[in-house]
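Common to both upcoming complexes is chain A, partnered first by chain B, then by chain C.
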Partner chain A sequence: MTTKFTVIGQRVHNVDGTEKVTGSAKYTFDVVLPNMLYGKVKRSPYPHAKILKIDTSKAKKLIGVKAVVTGKDTLGRKQGIWRRFPELCDEEILCRTKVRYIGDPVAAVAAIDEDTAEEALDLIEVEYEPLPAVFDPLEAIKEDAPQVHDGVELNININRHIEWGDVDEAFQKCDHIREDQYKCSSQAHVCMETHDAVASFGHNGKLTVWTSSQSSYYIQRLYADMLDMKESDIRVMNRHTGGGFGSKFELDSAQFPAAILSQKLCQPVKIVLSREEEFTATKRRTPMYYFLKLGATKDGKLLAKEARVITEGGAYTAMGATALYLTGFFSSFPYKYPNYRYDGYRVYTNTAVTSAMRGFGAPQSTFVGESQLDMMAEDLGIDPIEIRRKNGMTPNYEVPGQAFIQSCGLHQCLDKIEDHIKKRGKLPPNHGIGVSAYGFMSGGIFNWFNTPYAFSAAVVRINIDGKVDLYTGACDIGQGSNTTLSMICAEELGVKLEDVRIFSGDTGICPPDLGAWGSRETLMNGNAVKRAAADAKRQLLEFAAAHMGANIVYDLDIKDRWVHLVDRPERGVSYFDIVKAAIRGKDGNAIMGRGYYTPHRKGMISPAYSFGVQIAEVAVDPETGRYKLVNVTTAHESGTVVNPLGIEGQLEGAIMMAGGYGYCEDQPMDDGKILNPSIADYKLIRSLDMPETEILEIDTYEPEGPFGAKEAGEGLTNPTAGAIGNAIYKAVGVRINDLPITPEKVFKALREKKQKAK
Partner chain B sequence: MSYHCPVCNKVSSSALDLARHMIGRGDKVHRDWLKSKGFKYSELLTLQFKSFGNEGYQALAEVLEKETKVKD
Partner chain C sequence: MKKELKFKVNGQPYDIFVKPKALLSDVLRIELGLTGTKRGCNSSSCGACTVMLNGMAVKSCSVLALQANGAEVVTVEGLAKGNKLSPLQRAFLDHGSYQCGFCTPGMLMSSTALLTENPKPTKEEIKEGIDGNICRCTGYNSIIRAITAVVKGDYKEAK
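And now, the complex of A and B:
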């Protein structure tokens, strides 16, 4: 499929790779401006309390302190990413009357250096009246629970319902029904670059911000709301971002206080959150209680599924409302359930806010769903691969009332994985292989943000020397979108990758784009880039046709910098010569192409879906419960592969992150206080813990995607926890239903199993 | 048949779907309507947690079947 391309499908290093590996790439962390001050944020030590008084007088007197701000210095507005629903915009950032979690910001200081700012924080006196707090969603929904937000009954922030078919009737027809409960834990994003911002208000009243972000446009718009400014008076720049997995597209406690301080002083202010703040006061993965009921015929045909979910929302809405919907939608993936029902409830608690994180609710639903499906297969005496094959989605399948799936390579993935398992042969004792199948979206069709713009847009400019400038609002957060989009641009335009220079994530010069979330950049921004490049190419070819004097029955194209007749490729002229002539012919104007993409008539969720199957092999010590991830192999289909090297990078990163979610990462709390807010205490999978990884190539083509491409970023995070859980069961016969599956839990389960056997 | 929401006029295909809409929307105006009919929003939601099935929705759907504007 990829052989007809000259750029797409090549193994390409990231276009900004040299800058990054040599340390010359400038992140927000590296930005230094003349007269720049350093900010720090004072945070609540209480999970729930009224603010009675904030006395900043002592802090202001400290030498080197230039300003101290509190909620009173703001317009008192509340922000939220769900802008279409004002009741869900519930976060002040600088709290005025009440704090709702340990870490909620109450004041900020700007000083000549970080040490002085830090010292000043201790001089700010805040008088609180502690309130009863609630930390667990199952407690928070009780009638007598403390109210996190006034007027929100049972602390239910939002609920979501999905249903098709007749679930109750279908369960009556099932030969076998399972009901199981699961608990999915939290997870920290642990971006290498913590949240940070440099905000600079000019005397002209305009705001310029450098920040580590997944969506410059969202941040610009949210600033405009909170500061009552025109969005065009705000420029947000995201040059390089040191990791973004879902916590960096909402206005945060570095960005907003930095702007308020800068507005007051007309000086640049830089705030970089500490690693501890990153763990305690930024968004995290949503913990969920999952109740699942699954019904099947005795030959393994799944007839009905019912899911009820209660999620720990933390103190504010954030993107948690979307995660609530998506976990319900993806709980039906990747199978053809004729009858399905989902009820999801997001509950406010006095804990750090939960929100989007890579996979966006799907890692939770995939863990619980794939665990239960293996249990169902065992109950029925059916092979785990076979039950997945019997029920798996196929191309051109409609998820009733929800989505239309065009390309789907799930069955090819199952075939390849089955072959792979056979090749691994007989396993040593206490080794087990677990299977997990999954699917994910290629960008969301939601517009809760209420943007009036196209979801993605791009501008292509061809300069006199033939070099191409590509402008896009997409944000490269380390996932390599600058490279992917440059490749798409080069392929469409018929030039080489090195001919394209990309400008991205800068609202001052780039068209709006919703940003890097929901695995949307390759498909959505890729389509916008492809259309912009096609627009520029059309203009060039119009000129070339006249210039070459070709018979009008011939079509022209450009490949490898050669403008030629499609049917007579040898008849052509140099791309560079045509560009020079065309620009001269246009009275000196550079050739500009524009492209937009907004999905229409593509269902409610996404214009396209990727699919895959993963296996994990574990080796368990039955005496201690300790286990090792031996091998993780993935068959992932993402349509046309734009950059194989990029997919391999995504896969390794996903296994590290999703393996951690399944194996060791958690954020235990004591009365709302996160107990492990450091890299030393928060257990991550390190390079030495990484298993052997393999990727099995699957060839599919997505009609909606640019050159047939679709997502390869978040979907890879979904299967690993389920595969690990199933592998542990295969190895030693114990099943763990609450994440993470730590050796301690395995040990306890083994002990219980032994005691029962006695 | 189409069932019209008594609060926002959203059209649903059945009383049960309309009940889902009203509980799902859950904003003040919808909650106030439920209250005026003797329902407590929190109790309807709690019913959904207590067991698998549609108990919370069914209770409201029975009232909506009788009281809402229905068009063929």
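And now, the complex of A and C:
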């Protein structure tokens, strides 16, 4: 690149930073409106039951209660985010006839305060007829298993097949084949702000909603489906959002009941889920049974891989269909398998719904794949780095029939990590270093939501004082997209970051964007923002050319608020003067630029992929199995780094979440009841458990991305569980094939190993 | 029956009436409109509601408002002096020690209380000081770096 960036790559404060460190940032949780009521949701105590009768009369009589609603107050529609396939839209949110998991909503109350609403819940009498229930997907696919949804054969919600090459023939040519089984656990998102919404219907029949969300557009459209409204009569605003991680882009049990209650009363209704509801009745990471077969030549060339997966779907489809597909696709990552086959089944169970969570099926596939690959390397007597180098993806590689990978820095990452391991030198006894390689997508291509809109859009308005308003439907959920997108806008326009003010996540004023999921904002929305800024800039440069009397042979540009000839940068004029002239010359209209982005002809999965290699160092106490995460170092490439402080935060934060997935986070159940629905009981990594973290940045340039940038959000969640598993094995020689790798499991494995040795 | 609560919040005296079972966090948020203090669990496990009560960090979701009678409470809104941010606030900005920002008020209050009590904590003491606060976004290390920078004297108190 010959162009020097003036904004991109700078270590800047987030555009909303001062609001966040002063407590003035307004979250949905903080929204208070005149005449506002507080809502609460009544939920099923049974994993599977018929609703025979709901009596709300006593609750309605309680002083302070304004309304009680049940499924009968809805249009009785079923919704789901895979809108393209009506059979996958299977969730009523307020159940009318049947409940399918403990926590399924059956009624909701609006009252003058939370305490009154809570009290009213106990007065709602629901008569159930409990039905036989099924909790484990391996049980649910049996012939005589209870049916979670009528007419769904063997409870199989959806299946996926991916195949290329000739897998069976290739296995016959392999010198060595491994077959292994794994179990990947669930994980809760644990957003610090629980799901919440303030819904306000006016007497004009229009709905306004403040909600903590990853996609205002999806929520707007899903409301329209469920309420039989025009989507433009619904305004959804995502202000500051206290975390998402995949849990906040489907219509949820705060948003929908709040709207139904508000519709009845024409008063604003606020529902904030409790932490217990958050753990038991929102969506979660998909548990998976994994069966892997891997074949290689004796010098470590991987010839064939077969993956068979059965996932615990829980009660409804949600985003589980995507997780099922992506875990299958990413089971081939980040290696060049000439022959590959995947069969995945998502099975309905009477448990809390499993859906999207950061990494989206890839943390599971990376844990199992990287564990097995290390064992393969050991069987063959090959170094773990070497086997990854021998088979790793390279730039301009086509995953047969699936995807085209342009930029790929995997091999540079492997080199850097190898150096880093050498530098760490000889480890103390019972310490081990495990390696794990990964890749991830920069947003999804498949239009399962069935939107007619461009996937990303932005509008740029330049005002008379040269200040820039940027409008986009992108949602900042903490990942920093407001900052990254403002930086892209400022860079393209040639102004300073402080000249840009972003308005995002408000369907009333912003062009639609699919939102923050699948690590899509930087690449997809970034492209839309860059194009919108370029459109506005072109209009300015037309005036500049006339104003400067520049000959047509001169190319003009703007950098750092200076409009100039590209070849003779000293010849130029102030950006502010050109803006004033341009607006006058346009009949006094502010300069408006528009930009859109939808990936075309980029394969089936994503327009770009990022790569990395991570190592974890653990110190194990061989007597007790207790271990400490000492250090996690990641060599990572994400194309051009737009916002370095943001990427560091994504990386370290991912280690907290993915380390937790490997080490301690789990949702044990007893007959469909989650046993640890509180932060005290749900173990996650706190500051004292957090390992040292180091980042080794690798330079790459992604041709498809804005200024060469690509994903840096979710991919980082993929490697850590595998790195921990491999490190434990290096340290004390035991392998744990079911997550999380708790000290208790390590202890048991060590004891077994000792007994076998006797 | 509501009872009288006289206390100071961020230096401002208040004389109000609250229900005996009202939590300090709810009174700060709802009665006084100080919504910087968050609620993440309502069971003193996550630290998002941390405020300073007579100089000590407490989880305001587990303190009855009436227990603060006669006390001095500092919330995140009280950290800046006018338009001047506190050293910790500036350090958090520079080190990117926040993402979604929902835990940040509690995190700032725990670290402010830590440095009030122990201006020169070791790294381990810093980790212990914020161990009651969960952050799901940052992975803590950028927060620890920010506090360390303040301890080293990189950020002076605004005049």
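A few comments on the model shown:
As a convention for this text, the second predicted complex is superposed on the first by the 755 of 758 C-alpha atoms of A that agree within 3 Å, B and C clash if a C-alpha of one lies under 4 Å from a C-alpha of the other, contacts with A are read in each partner's own complex, and residues count from 1 in each chain.
As a convention for this text, contacts are C-beta pairs under 8 Å (C-beta built on N, C-alpha and C of every residue); 3 or more make two chains touch, one makes a residue touch a chain.
These figures come from a predicted structure and were not determined experimentally.
Using the contact criterion defined above for the overlaid structures, shared-chain residue A:646 touches chain C, although it does not reach chain B. In the superposition on chain A, A:30 contacts chain C only, with no contact to chain B. Contact with chain C, but none with chain B, is seen for A:240 once the two complexes are overlaid on the shared chain.
Contacts of A:293 after superposition: chain B is touched, whereas chain C is not reached. In the superposition on chain A, contact of A:57 is made with neither chain B nor chain C. By the touch criterion stated above, A:190 is placed in contact with chain C alone, chain B being left untouched. Touching more residues of chain A than its counterpart among chain B and chain C is C. Looking at the shared chain after the overlay, A:396 reaches neither chain B nor chain C.
Common to the chain B and chain C contact sets on chain A is no residue at all.
Within the complex formed with chain A, the chain C residues making contact are 29, 34-43, 45-46, 48, 75-77, 79-80, 85, 89, 92-96, 98-105, 108, 127-128, 130-131, 133-144.
Taken together, the chain A residues at the contact with chain C in this complex read 13-14, 16-27, 29-30, 189-194, 240-243, 245, 274-275, 477-480, 645-646, 648-649, 651-657, 678-680, 684, 686-688, 690, 692-693. Touching chain B in their complex are the following residues of chain A: 87, 141, 143, 151, 153-154, 156, 158-161, 163, 168, 179, 291, 293, 306, 308, 310, 341, 343, 345. Considering their complex, residues 20, 23-24, 26-28, 31, 41-42, 45-46, 48-49, 52-54 of chain B touch chain A.
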